[in-house]
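In what follows, chain A forms one complex with chain B and a second complex with chain C.
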Partner chain A sequence: MTGMWSKLRQQPWIWSFIAMIAVWLATIIFTRGQGAGDILTAALSFATFTIVIGLGQMMVITTGPGNVDLSIPATITLSGVVAMKIMDTDNARLLIGIAAALGVSFLVGLFNYGLIRLLRIPPIIATLSSSFLILSTAISYGRGIRIKPPPMLDDFATAKVLGVPVAAIFVALLSLAIAIVLKRTRYGRTVLAIGQNPRAARLAGLNVDLTRFATYVLSALLAGVCGIVLSGFSGGAALNMGEGFLLASIAVVVIGGTSVAGGRANVPGVWGAALFIYLLDTMLNVFGASAGIRLIMTGVIIIAVITIAGGDRAQRS
Partner chain B sequence: MPKVAVELTRITKSFGAVRALGGVDLMLAEGECLGLVGHNGAGKSTLMHVLAGTLRPDSGSLAIAGEDVSAHFSAATASAHGIRCVFQELSLCPNLTLVENARITHRALKGFGWKARARKLIAAKLDEIFPNHGIDVDAEAGDLNIGQRQMAEIARAFTVTDEPLRVVILDEPTSSLDAVTAKQLLTFMRREVAKGVSTILISHLLGDVLDHCDRIAVMKDGKVVAERAARDFTRNSLVAAMGAAAETKSVRQIRSRAAKISTEIAVAATPETAGRTASLTVNKGEIVGLAGLAGHGQTRMLIQIFEGARKPGGATKVAGEAAFIAGDRQSDGIFNLWSIGENTTVSSLKTLRRGPLIAADREAEMARDWKERIGIRTPDMNDNILTLSGGNQQKALFARALGSKADIVLMDDPMRGVDVSTKLEVYDMIRKEAEAGRSFVWYTTEIDELSHCDRAYIFRNGAIVAELGPDELTEDKVLHASFAESA
Partner chain C sequence: MTNYGESRNHPFLSYRDCESRMTALALNRKTLRALLPLLSLVIVLVATFYAQPRTMSYFGLNLMLQYAVPIALATIAQMFIITVNDLDLSIGPFVGLVGCIGATYLNDTPLLGIVALALCIAAYAAMAALIHLRNLPSIVVTLGASFVWLGIAVLILPSPGGKAPDWLKAIMSLQVPVVPFPIVAALAIAALVHVGLMTSSYGVIMRGTGGNPRAMARAGWSELRTKMAMYALAGLFGVLSGLSLIGLTTSADAHIADRYTLYAIAGVILGGGEFVGGRVSPFGAVIGALTLALAGSFLIFMRISPDWQIGAQGAILIIVLALRALINTGEARR
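Showing the complex of A and B:
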């Protein structure tokens, strides 16, 4: 038992899970056990979206210092707006809508990497400025009208099996796939290698440019998927639907134990961290804290978790 | 009896299951140069880290000038007592200029005008040790090549402000220096020793140690196994004391392979770094040396060939895939977060796949296989790469390139920090691979190593200024060509 614990303690993701369980327990103790299961179900439903984009952000951050995708919220919005407008509440147009939304997401990834590679703009600036362009495109295309999702998409986004959201099951499979890709494919190894030392990666014969390109495209595509499903979940696309996802996408990566310095990714940690952030919000709501207090507490508790976890000291020094 | 500068007594140190030092006693007198030799992983660098205060020994004591300092020994105490070191893994901050780097080790350089004083200090010392070095002290360390970084680091170790200069540890100081600068350094070192400074010289170049040290200590498996005056050692007795397979005489092996080398051309390239230059060709199965003074465009030539192999149709013609063996392993070679195994297999991932996924068992098999073939000293290939000594890390890089499918292997002065017996094994491996049809382009700062090449090109200021055939690869000819005005 102690052997297992000391092994577990080495895992950078364990702290996000401990924090998540602690927050959940605190909440249900406060409510005297009422709604324990419902809270988890709701957390899974909402966290699913953060996890999808968190995985994309994790891949980008893993490719090394300076790499980050700030265009995720704008891409979510554009994808949602395009999907809803093309589907036009019609089940028959579902697939075309998905294809179109993923198509524009792909173009976003292509555009981002073009700015980074061809114009040599640092990723943080490139993706920030492209997000203004993306959001403007969404505004002029969607004209601010909220279009309802087709019934099938609505059903899929809100369906549950034994209290577990169906979307969460799909995201679990996606996470598993990404974990395998990281560990057991040439692409995944290249992502990890670039994050440690891009020059050495190139000299080891790995394709650095193609891998970076694929990673920014992957992040944009995952944001696109998030946009489509989120539109179904929340009854249509809105121009502010990406709000809050910027900080969340980076926070789940960092709390989850992925190295900000690059080269080390952590898939389970993204899950623990996303659930933790949502449950933390729920807990503060249940405690009846005011909005100001909630924000302060969220900041303080996130800092505390990162400090206590501290497994990867190198990334903070 | 000269006064004792430093005395180490029964020092032990273990890293996990690996015992790096098993009770070492070592004494260094004032004004003495001690040579320290031994194989990769014998514990030389670990011992020096203990002496420099950067590693805490598990047990044992340490006295400097008769004062027992074991209780609170740290890098700061070591420095206050006048211990300076130049380690294999160079320690200049890459984002700072040499002047700023000099300030880091000298707290006394403060207040108004510290920069001017630091500049004067480091520039004067560079001029003193390496006349005509041509290094800009206001350049950022990261922009210098590895040879220049090493020169700067050595010069910095010998600068004096408020702290005394008692002992200088030189761990493989000449590994990135060409014959001329290496000679300058060793001459300077003897001058300092004559003034009363003690030095410890760690080197795999036994000739340097035999010629320039007063006393030699031989380490093996974490212990000092022989310690005598340098004049009582010969090259052979030294190698025997290290416990190596006796070194075959470094007489030129007449390779007489000319007939066997195919006429098929593997590489045809012209250096992009100079306007007027000769071109380079490498035949299939040939071993071609790149020589000349360090940092005159040889590494850039290798990278040009490497890039040429990835972009067919360019000006640089390369028939087949190329692999690169880094000499500057910190910045060009190893992946710090990965295991030894992952570092070894990274260039062969395509061939280790089963379906779309990398097969774990085949990857482990390749790692095990190369651990045996090249003798990487580790209990487990799954351990992190940084648990290895410098020379063993280098072996992993050799395994990475030789284990890949590459037709052309580019070597960027790859024998830095590699011990004699491993070198001999690797030379042997290279020759066998060449006979099997692989081509090698080999940049080396050791003129002796050119004896393993079929031909060599001499570089100066980014240009190829001479081509030497197998009978011309002698120190005289190489040095002559390195300095002569190009025709």
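Showing the complex of A and C:
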């Protein structure tokens, strides 16, 4: 038992799962076991969206210090607005809508990387500036109208099998795919190598530019997917639908044990951290805390978890 | 561009000639880069005057630039954090919190208000200690802290209201002869910080910690102490920003300064600051803040649809950075 624990403790993702279970237990003790399963189902539905963008953010952060995508919330909004407007509540136009939304997201990724590579703007500022432009595009294109999603998308986004959201199953498959890509493919290994030492990666003949480009595009595409499904889930696209996803996307990556210094990614941690964040929110709601207290507790607990998880020891040396 | 590799062997130019021409050009680029923030400000200013000639007056400038003072103070706060290679994503909500304290405790029970503001500054220093000792990423800690500031602000002032102390309002509506108050105030702030950070020996240590923390630690300067000092200074300027803001608005709201986080980062970068290496410029940061404050008015005068206002600010940021990249590329090619 102690042997297993010391082995488990070495896993960077373990803290997010411990935090998640602790928060869930605190909640169901408070409700005396009522709705224990429902709470998990609800957390799983909401966490799905955070996991999708968290995976994209994880890949970007893994490519090395300073790399981060702050345009994710704006991209979610733009993709949702484009998808809803083109689908126009018509099932037959579902595929065109998805293609258009993903096409726009691809352009966002291309634009972001263009700013970073060609203009040599630090990624934080590049993606921040582009997020302003993306958001303005969404506002001007969407004109604030709330269009309902086509029934098929609505059904897909809210469907459940034995209490497990169907979307969550797809995201589980996606996570598995990304984990395999990181471990087994040339692209994934290159992402890790660049994060550890970009100079060494370049000298080893790896295509650093192409890999970084692919990573920013991947992050934008995943934000696009999140925008489409989220519009289906919440009954249409709204201009503020990306709000809150900025903190979430970065927090799940860091709490999940991915190194902020780059070079080490962790897929299971993203799941644990995303579920933790939503269960935390549920817990504070169940406890009946006021808005102010809820905000303070969210902040304090997030800081506490990353403090306990220990930041990045390797960086210290 | 001329190819200097060839001109070195130019039959009619001696080697020394080429050398001096190159130094002149290098100097040119360096000056150009230093002048870029000022140049952007002048362009936005001229464009504003062109779009709305009536703004070209004492009164017009006063009105357009009044919010530049709190933005400039928040930008300086961000600059202190960027100096030590960190980034503060909580400065906006922090300024909002200070506003809420200023419009309630500071007005009703001044002593309690001052204690609360001192605690805010101490909280910033504590944040630095946590970030340094546990080696945590500053963006996550400050992102978490932004929730804490916002939460406390909501508890203090659940709905917009409160009342700013009269002395604050008096300071912010000061009339200075000839040059509008915001410009005088912004320049005074920049000069003060410049003397402290760019010319004093302690300022060199602080910037050095951004440039090479390990070297500074080997030389016997505690990185922990430097970071705490820089964060405390950022807290102090955040407090000043919040107070000057409610001096203008006369009341407060927890969300009054949410956008300041972005303004402050953009201001530092527009002003020529860099993310790593302790390369910052107080005058640049203040000029960057003025440019951003003006850009808002300019976009309104240009009758740009409100949909595109935020996008236009992103575009301005990108254009200025593109120009800098262009200058830097030339420099690197030498």
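The working rule: the second predicted complex is superposed on the first by the 311 of 317 C-alpha atoms of A that agree within 3 Å, B and C clash if a C-alpha of one lies under 4 Å from a C-alpha of the other, contacts with A are read in each partner's own complex, and residues count from 1 in each chain.
By definition in this document, a residue touches a chain if its C-beta (ideal position, glycine included) is under 8 Å from a C-beta of that chain, and two chains touch if they have at least 3 such contacts.
If you're wondering where the values come from, they're calculated on a predicted model, not measured in any experiment.
Once chain A of one complex is fitted onto chain A of the other, the partner contacts of A:Asn197 are limited to chain B, with no touch recorded for chain C.
Of the two partners, chain B and chain C, it is C that touches more residues of chain A.
Contact with chain B, but none with chain C, is seen for A:Gly263 once the two complexes are overlaid on the shared chain. Touch criterion met: A:Gly205 reaches chain B, while chain C stays clear of it. By the document's definition of touching, of the two partners only chain C reaches A:Ile124; chain B does not. Of the two partner chains, chain B is the only one that A:Ile180 touches; chain C does not reach it.
Contact with chain C, but none with chain B, is seen for A:Leu247 once the two complexes are overlaid on the shared chain. Applying the stated contact rule after C-alpha superposition, one finds that A:Gln10 touches neither chain B nor chain C. On chain A, the surface touched by chain B in one complex and the surface touched by chain C in the other have no residue in common. If you check the complex, the residues on chain A that touch chain C are 66, 68, 115, 119-122, 124-126, 128-133, 135-137, 139-140, 247, 250-251, 254, 260, 290-300, 302-303, 306-307, 310-313, 315-316. Contact residues of chain B toward chain A in the complex are 303, 306, 321-324, 326, 331-338, 342, 346-347, 349-350, 353, 356-358, 360, 400, 404, 406. Taken together, the chain C residues at the contact with chain A in this complex read 87, 130, 134-137, 139-141, 143-148, 150-155, 158, 262, 265-266, 269, 275-276, 305, 307-315, 317-318, 321-322, 325, 328-329. Those residues of chain A lying in contact with chain B across their complex are 180, 184-186, 189, 192-193, 196-197, 199-201, 203-206, 259, 263-264.
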